[in-house]
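You will see two complexes here that share subunit A, one where it goes with subunit B and one where it goes with subunit C.
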Partner chain A sequence: MGRYWQEFFLRNGTALALYLLISVACWMLLMIILPQIFMLDFSFRTNVPPPLWGTEAHGYTMEHYQYMVYGSAQSTDSYNFVDLSVFGRTILTAIFVTLIDVALCYPVAYYLAHVASGGWARLMVMALIVPFWVNELLRAFAFKIMFGSTGIINNFLVAIGILDQPFDFIRNGVALYSGLSYAYILLMIFPIYNAVESLDKNQIEAARDLGCPWWRIHWRVVIPHAKPGITSGCTMVFMLTAGALAAPQILGGPSSLWFTQIIYQAFNQAGNWARGSAYAIILLSTSIIFVLCMMKIFKVKLGEIAR
Partner chain B sequence: MISDHIRKTFTILFVLGFFAYLFGPLIIMSLTAFNSSAFPRVTPWECFSVEWFQFLGKDAKLIEGLQNSIFIGIGVVVLAVPLGLSGALMLTQVKERVRPWYYTVTISPILVPGVVLGISTLLFWDRVGTMFGASRESVFYNGFFLTIIGQATFISAYTMLVFISRLQRFDRVQEEAALDLGATHVQTFRKILLPFLKPAIASAAVLAFLASFENYNTTVFTIVSESTLTTFLAAKVRHGINPSISALAVVIVALTLFGAALHEVFKRRELAAEKESARIAKGEQVTRRSKNRFITDPAVILIFLVTIAGLGTIYFAGTMGLDECKAAVKAEKQRVVQERVKKREQKSMFQDAGRQALTPVPKGAGAKSRPAPGTSNFQGLFSPDNLEEQAGTKEAEQEQEKTRAAGTEQFQGIFAPQNLEEQSGASEEQQ
Partner chain C sequence: MSADVQLDQVWIQFGDFVAARDVNIHIQEGEFFSFLGPSGCGKTTLLRAVSGFSEPSEGRVLIGGQDMAGIGPNKRPTALIFQNLALFPLMTVWENIAFSLEVKGVGTKERRKKAEELLELIALPGQGEKMVNELSGGQKQRVAIARALAAEPDVLLLDEPLSALDLKLRQHMRTELRAIQQRVGITFIYITHDQGEALTMSDHVAVMSQGIIQQVGDGNTIYDQPETAFVASFVGENNLFKGKVSEISADYALVDTSAGNIRARTSKGKDRLSAGDEAYVFIRPESLKIANASEFDNRIGANIKQQEFEGSFWQVFFDVEGSDRDVKLSTVNDGSTLIHKVGDKVDLGFSADMAIATPAGELAAE
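And then the complex of A and B:
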């Protein structure tokens, strides 16, 4: 170990070596690892007012995790149906949104990488980046305008006679689903595009020459090749959707809650930081489990995902 | 063959639909900023107007949020660029065995939900503050400090990725040559590595600033009592929507597009510089173009002039004749209201007559019974088929009386039936 550090200092020079060590240590410890550990610790502590933090009264407890499952002691229900159903709905919706995004992005990515030619393809790839730069809140706001009861979609559907009165897209969650699918779609299309693009065109042609039908080419040649890209896109979209706050806040109907909104309420309205961190831990561990499952099922490494 | 054609057409339609999905909402939102209607919408189009933009300049909270966002953005750039750089430089030097772990930890903030990052930052520094016995006014509880730290946690990972991809093309031999020729380590870093990384630093800085500028999930927890542009925007959108948000959106979209274009320019330059140096290395003759060619480029100047002219035209078109147009729209709305009222009056009179002939109802027989005819204004008030519309009519009539009496134009159209439904729609959407 000693030799390694000696070499490290020799290779970089003292000043640079110190800069590297200090800044990396600060980043990893003070910003990434310790805050997560503190949050984990905090989630197991009782909810007492801030002046008592760190004192005897601030002991360890499982109450916040129990609350998530069983609800408060006063309630008559045996389980905390509200929070559990919100959690389940959030995860299911996130999976659903991820699947929609794969279905939307795969054909477009394939088209851009292998069918479209030269200048057009480049222009379209550039165009894909543009909405990504627009603020998440504004993208959700745009959907709110479109899906409102006098929004352009309702007006159009009423005008051509499909509906006789405006349909409440927001209350029915249609606006939320489309807004969420839209929000992170670019994190799906770029990994798939990069993966599909690296496929040798000759392979597709060889398969075609040998009489393979088009759907089989995709199933046996293109999709296996694009698998790391698809996995990485799915992981990113799922995690960001499950952790989204802006779109559910803006597009969620009066009755629909998103799990992050419950965390937000615990922090900002109930003032119960401990429960908020316990729920944040639950969200985080679910996300990690999802990533690990994806890595296991599709046999890709983390390095390939975060690219 | 035919099925091939069908498939091709279908694919192209699908791709077109995809791009429509991508841009449609943004375009519609941008258009609503120019409609004078009090509710952000495109149909029905009322008047072309830029008045919603004029509202923005007067909003003190907005200006404050914007300033805070810029301040935080600069702080994040200052913090995240060096951190990302050191992270990337470190990656090649850690031991082979540790490298995957190192990479996993440094990249993990990208995958961790922003909400979680915000909470953990808030909690951690709170506890650190308590440990040092710091007062509530100290830096550990300061919204700016916490936000910069919280955002830099994951933005450093972004910048690290930028630096890693640049460093992959770095030839270590250059460094060794400099060291062999007697340069110190600091000199080598400053004269060899930094110039090589310069384009990457520029694009990482732009990326970091933009990412910080538009972050919401982390900021909403770490900002404490301050406000940034995004938290201001979120509060505004949740408390009710009006076209001034669309106007703000247009401004932000324009600014972010500008930033994205800048980012693209840096990237292009990086590639061009690389090609040039590759050609120099091959010994080819390279004509050096002037350094400022971006600013002197005729195309850029043209775009600049067209933008200014376009903005000027939009401004004049949006302010000139706006009052006349609005008055016309108002008059039209009033006409529609009057027509409806007239129709209803006729209809209810007709029904009243008919009913009276059929079944004479005793006075005050019940809620559903009709009061004696002749109570002019409220004729047919209780007739069942009027129930749904009666509120609108009544208020419209009242509104007409008001205008007739006082001539105040201020409240015209507020109680018009079409407005009612949009108001109720808006209030529903606010929840």
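And then the complex of A and C:
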């Protein structure tokens, strides 16, 4: 280890090496580690107004985590069905959205990497990227307008006679699923593209030459090769979807809450930072555990994902 | 099962570029056939047309007498061995070998058995559980052959499969490939730019250049009786003298070159020489002799420029008046040292049968 540092300093020069070390350390500490530690700390403390922070009244407690599971003491229900069901639905929807994105992005990534030729491929990549120059909120509103009762989609479906009257895409969650699926689609396409692109075309041809039908080529050759990329994309899309706020806020139906909205309410409306922190920690750790389990199941190592 | 392959007036075009021009070849069932040519001559394109990865723009590809038009590579009775082998790195050796059986829905047990049989054939018994990347270059080579053979093709296509190996291994694999071909008895079509490979392994060789088949024949014929200037200059080493035909008979021509008149056999290709034509005369270095007597049909005055001792033979380079190329002679080292010195003026002699005159034409890049 000592040798490694010595070499690091020799290679970069003292000034640059110090700069790199300090900036990385600051980044990690100030942006990632400290805020999370504060959150963690908050989540285990009683909810008192800011003037009392640090006093004896601001002691440690498990009440917020208990609240998430059992609800308030006054409630007649034995469990906190409202929050638990929102949490469960958020996770399930995030899984669903992730699967949709895999299904959408794998063919696109494969097409970009192995079928499309130069200019056409670049045009496609542009078409994928340019819409993301538009602000996330605006995109969400655009979806809301599109899926609205007099939106272009309803108008079209009614005009060609598939629907008799406009369908409520928003109340039924279709707008939300679409908006979320679209929101992080690039984070799925590019890791898969990177992975698929590195596959030797000859392997595809070899499989074909050995009598393989196209679906089996994907199943046995392309997908195994792209697995790290797919996992990487899934990880990011799942985490970000589960933690999304703007799209659910705008596209969610009146009766459907997203777990992040509950966290948001706790912080900003109820003024209950402690509960908000506890809920945020629950969401974060559930997401991490979920991702780790998936990696275990699909036998992908963390190093491969980062590639 | 083995099958013959027929290329019937095959043209392959990519836009304006003609990769194969009116190719007519009949490859016999069970033979080892090579396409030999420099890179970019269209040999790989032809192979892809046989394997089904591309279709000829015109003409027909017949395998076992059956027209292959519209039949994809996964449905043809061919198996292709890729230049980079294209083994599946995420599968074990035996899964690689048995992949074509897996595709056909053969059960695991039977697949393992078949894979083990093929591992015997390629002299890698018991190595099935390894991953491909644990194997050496030569072993991977053999696994690729086994994987192709497992599909029980009628025709095995090989696209320069030895080019990634080092020299020793390459020479060893030549013998091995030939032996495997004789054991399994199916048609092998082999693509190479290495004339050593083509000449040693093949029953027949087609020499190709710029999309045109220059000559088809067995190794001896290709070497001894080249039909075009390209074949003469591409296969083996040759000394070239350019000139004009001054006299011509049935089998011989007298060519007026800058180094003097040379009598030579005429080539037997499609294009025949006639009096007044531009002609190239080729003489192999080993056919040239330093002559003192007048026993030779042809004599050329030359100055010794350089002598190189190669162990089993000598190479001598000459300046010949009127020729801007060095003339090269090679002679077996029989224990006696060369008696000439650099700068000596000598006569080079050779018989008319050892020289060959072809119509002037494209030459192989040096």
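Going forward, the second predicted complex is superposed on the first by the 280 of 307 C-alpha atoms of A that agree within 3 Å, B and C clash if a C-alpha of one lies under 4 Å from a C-alpha of the other, contacts with A are read in each partner's own complex, and residues count from 1 in each chain.
As a working rule, a residue touches a chain if its C-beta (ideal position, glycine included) is under 8 Å from a C-beta of that chain, and two chains touch if they have at least 3 such contacts.
Fair warning: this is a prediction, and the values are worked out from it, not measured in the lab.
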item	value
Fit or clash between subunit C and subunit B when superposed on subunit A	fit
Subunit B versus subunit C as contact partner of A:196, first or second or both or neither	neither
Partner chain(s) touched by A:263 [first = subunit B, second = subunit C, both, neither]	first
Touched partner set for A:225, first subunit B, second subunit C, both or neither	second
Partner chain(s) touched by A:235 [first = subunit B, second = subunit C, both, neither]	first
First (subunit B), second (subunit C), both or neither touched by A:210	second
Touching partner for A:142 - first (subunit B), second (subunit C), both, neither	first
First (subunit B), second (subunit C), both or neither touched by A:155	first
If touched residues of subunit A are counted for subunit B and for subunit C, the larger one	B
Superposition-derived angle with apex at the Cα centre of subunit A and sides reaching subunit B and subunit C, degrees in steps of 10	100
First, second, both or neither for A:187, with subunit B first and subunit C second	neither
Contacts of A:278 with subunit B and subunit C, given as first, second, both or neither	neither
Minimum C-alpha separation between subunit B and subunit C after superposing on chain A, in Å	6
Residues of subunit A at both interfaces, subunit B in one complex, subunit C in the other	none
Residues of subunit C defined as touching subunit A within the complex	51-53, 72-75, 78-80, 82-84, 86-88, 90-91, 99-100, 102-104, 147-148, 151
Of subunit A, residues touching subunit B in the complex	4, 8, 11-16, 19-20, 23-24, 26-28, 30-36, 38-39, 42, 50, 53-54, 104, 107-108, 111-112, 115, 124, 126-131, 133-146, 148-152, 155-156, 166, 168, 170-171, 182, 185, 214, 235-236, 239-240, 242-246, 249-250, 253-254, 260, 263-264, 267, 273, 276-277, 280, 283-284, 287, 291, 301-303, 305-307
Residues on subunit B engaged by subunit A in the complex (per definition of touch)	7, 11, 14-15, 18-19, 21-26, 28-29, 32, 39-43, 82-83, 86-87, 89-90, 93, 95, 100, 103-117, 119-121, 123-124, 126-127, 130-131, 149, 152-153, 156, 161, 184-186, 188-189, 210, 214, 216-217, 220-221, 230, 233-234, 237-238, 241, 245-246, 249, 252-253, 256-257, 259-260, 264, 421-422, 425-426, 428-429, 431
Touching residues (chain side subunit A, partner subunit C) in the complex	200, 202-203, 205-213, 216, 220-221, 224-225
